[in-house]
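Scrolling down, you'll hit the structures one after another.
Below, chain A partners chain B and then partners chain C, in two separate complexes.
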Partner chain A sequence: MVVATTILVGMAETKTAKGPATFACLGLGSCIGIAILDPIAKVAGMVHVMLPEAFADRPIEKPGKFADTGVPHLISELEKLGAMKSRMKIAISGGAQVFKFGDGTASRMDIGNRNSTAVLAQLKSLGLHVVAQDIGGHNGRTMTFDSSTGEIRVKTVAQGEAQLCILR
Partner chain B sequence: MATNTIALGPLHESVVREMANIGLGHATTALAGMTGKAFGMSIPDAQAVSLEELPLQLGGDELLTVGIYMPIDGDTGGHIAFITPWSSAQCLWRMFIGYAPDAAEDVDELQASTMMEVGNIITGSFLSAISDMTGLQMHATPPQLMVDMCLTVIEGVVMCASIADHTALSLRTSISDEGNQIEGYFLFIPTVEGLSAVFASLGLAEAA
Partner chain C sequence: MANTITLEEIVAKTTDLPSVPTAALAVMREADSPNGSAESVAKYILQDQALAARVLRLANSAFFGLSRKVQTVPEAVVILGMRSVKNLCMVASTYPWMTRPVKGYLLEPKAMWSHALGVGVGAQMIASKTQSVSPDLAFTAGLLHDLGKVALGIWLENKLPAMLKIAAAMEAPFDAIERKVLGYDHTDVGGYIGEAWNLPEPMILAMRYHHRPDECKPESAVVDCVHIADTISMSMGMGLGGDGLYYEFSESSLTRLGLTVDDLGLLTDEFIERFEEQSGMFEGLDN
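Presenting the complex of A and B:
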């Protein structure tokens, strides 16, 4: 359930909080929501990445837009609030192929899959372990993260809402 | 995230609306030919909106929505999409094939291709109206269909629109036959250069 005090993490945004907070990425399609919690420091945050990697020839306006810049950006924002990498618990969701019908450029690009691969590779290279993931498929997802309990929930049009995991 | 905003003056807005009206006139004729029924189509308003504002206009971030997306090819690039709430999409299906799926996961190939064909006709007519007025060649490439939360559908369009051009010309579109009234949003997302080319070919300077 997305409540009024929920911190909405829009496309390319990075949001963090110290202390109890509820975050949500609404309607993730090929984008990926990455939720990180340091349960000891009680520091949490989410980033909503859109693409696998930043364009080499363009300035990066929002680091949260890309997997290769968004993941390190979220981690450093969390570290500023006192989180430690070794204690970080992570869940990810999204990376779907939302064009269910029709064969066009968008299906062939398969951004969702490339995003998933890039995010997982990025986390692995930083030595971070993913507790739970709900990625791929053909459905858009709303991902919510309650940092007070560590609960991650994922909602789709087809399957309704369910708990993905508890980060702790 | 509206980085490249396209500001439309009143004159440009009326030009876009006129192009859309001509386009929809063509579309109405084509749809009537396809079904043997009479349709009315109108454009209550045309405006430049940021894609982030669109879910509000459509009725909610997580509202079940159907989106038909087509990239534009030709002298000027861009993107075109028709987005309509689920209840309106069900009406459209009933108009064209006599029945409608109950739930998003029940949409089958026939229903999907019907919806894409409707999208094809509407957007093809719109593009040919722009081409006729401007002399610029524009044609839509094969459509793709999304049935999902409103924000997911819009994200799908944004992703395809190369993330650079966030402002869409949004044309609220109403389609009706004797018993049904359907509301949807027709989105025209030109590249910034594309829109300038359209206006320049009409002898209009960049929007003020």
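Presenting the complex of A and C:
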């Protein structure tokens, strides 16, 4: 549930906290919310990535905007607070997409699916794997993360809220 | 679920339909006319006191960062510029009903507004980039494209969960399910209201064909701009309701505007920057 003290993680933002905190990514369409917890250091954070990869010819003002820069950025911010990669527990949600038709090039416009693939590839390349994921489909989602319990909840407008997992 | 009510009945029986933005439409016509001046545009704004007050509030908002207070509407028109003022007027006159919840689509307060502004800003950006149509026209068409949802939403209340189940089971777009259940969809309702409001033809076309741009004959660049902007706004999660991203994307819209699938990522990136910049402009409407 999103309450007044919840740390909202807006589009392209990266937010971290040491000690108990509640984070939320609101209105995830094709975007992906990535939640990471180091339960030993009690360090947690989220990033709200919007696109799979940064553009070579455009400056990167917000690294959280892209999967290929957002994932390493969140991890390095968590490490600054004392987290260790080997202890990180991760959950992801989002990556919805519109229906598509047309010729075979359609998959390249499928930003939701490309975002999910890019996030998972980034995590894998850093030797990390996700504990739980709720990705794809055609529903918008809100993802909340309570770092004191490790609970991740995902809410869709049509289907309500449910627990995705407990990171611990 | 049988079809129990016709499109015409929906529009006739919906008591709290948004009212025609008469003054904003007059401002738009006047600003576009060769004889339009700041004075004459201001005259139309002043015909609607609520609109005049909102225009002044926007001109004096932090977004424009003016060092002194703008006192009169003609002064506001000069300062904001004729082009900005017509878009501002359309936003200012539709904002009160755009920010209301639309329960039938499970749209929370301000969700319709956030999506409408996203599509307006996106369509304007695509129009300007492709030089295919007037960016101002694309903005207004984008802003109003989902008008039909406001009327149809009242009648969809409690029906949405069942309709979504059908959409999910059939892997079919939500507008197709609306047509299956009701015989028409929110774009038909929007087009019908647009005609009743006597909106310019390209705006009516955007309302009617934004989910099926290939069916618009002859093709319309405004429809294509709105269709692409709608898809980007949905993807970026702007004002999603229960119908979420249950809509189809037509690549042909990109082709008709001389764009490719590979341009979508960059368009999305630029769109996010524009949206953040533009949404700041309208924060003053809440005060």
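As a working rule, the second predicted complex is superposed on the first by the 157 of 168 C-alpha atoms of A that agree within 3 Å, B and C clash if a C-alpha of one lies under 4 Å from a C-alpha of the other, contacts with A are read in each partner's own complex, and residues count from 1 in each chain.
Simple rule for what comes next: contacts are C-beta pairs under 8 Å (C-beta built on N, C-alpha and C of every residue); 3 or more make two chains touch, one makes a residue touch a chain.
All figures in this text were calculated on a predicted structure; none of them were measured in a lab.
Of the two partner chains placed by the overlay, chain B and chain C both lie in contact with A:Val157.
Across the two superposed structures, the residue set of chain A contacted by chain B and also by chain C is 11-12, 26-31, 50-51, 65, 96, 98-103, 105-106, 111, 139-140, 157-158.
Within the complex formed with chain A, the residues of chain C that make contact are 106, 160-161, 164, 167-168, 171-173, 231, 234-242, 244-252, 261-262, 264-266, 268-269, 272. Of all residues in chain A, those touching chain B in their complex are 10-12, 26-31, 50-51, 61-62, 65, 96, 98-107, 111, 139-142, 155, 157-158.
Every residue of chain A that touches chain C in the complex is listed here, in rising order: 11-12, 26-31, 50-52, 55, 58, 65, 96-103, 105-106, 108-109, 111-112, 138-140, 156-158.
Residues of chain B that touch chain A in their complex: 1, 3, 52, 61-62, 64, 69-71, 103-105, 107, 109, 112-113, 116, 141-156, 158-160, 163.
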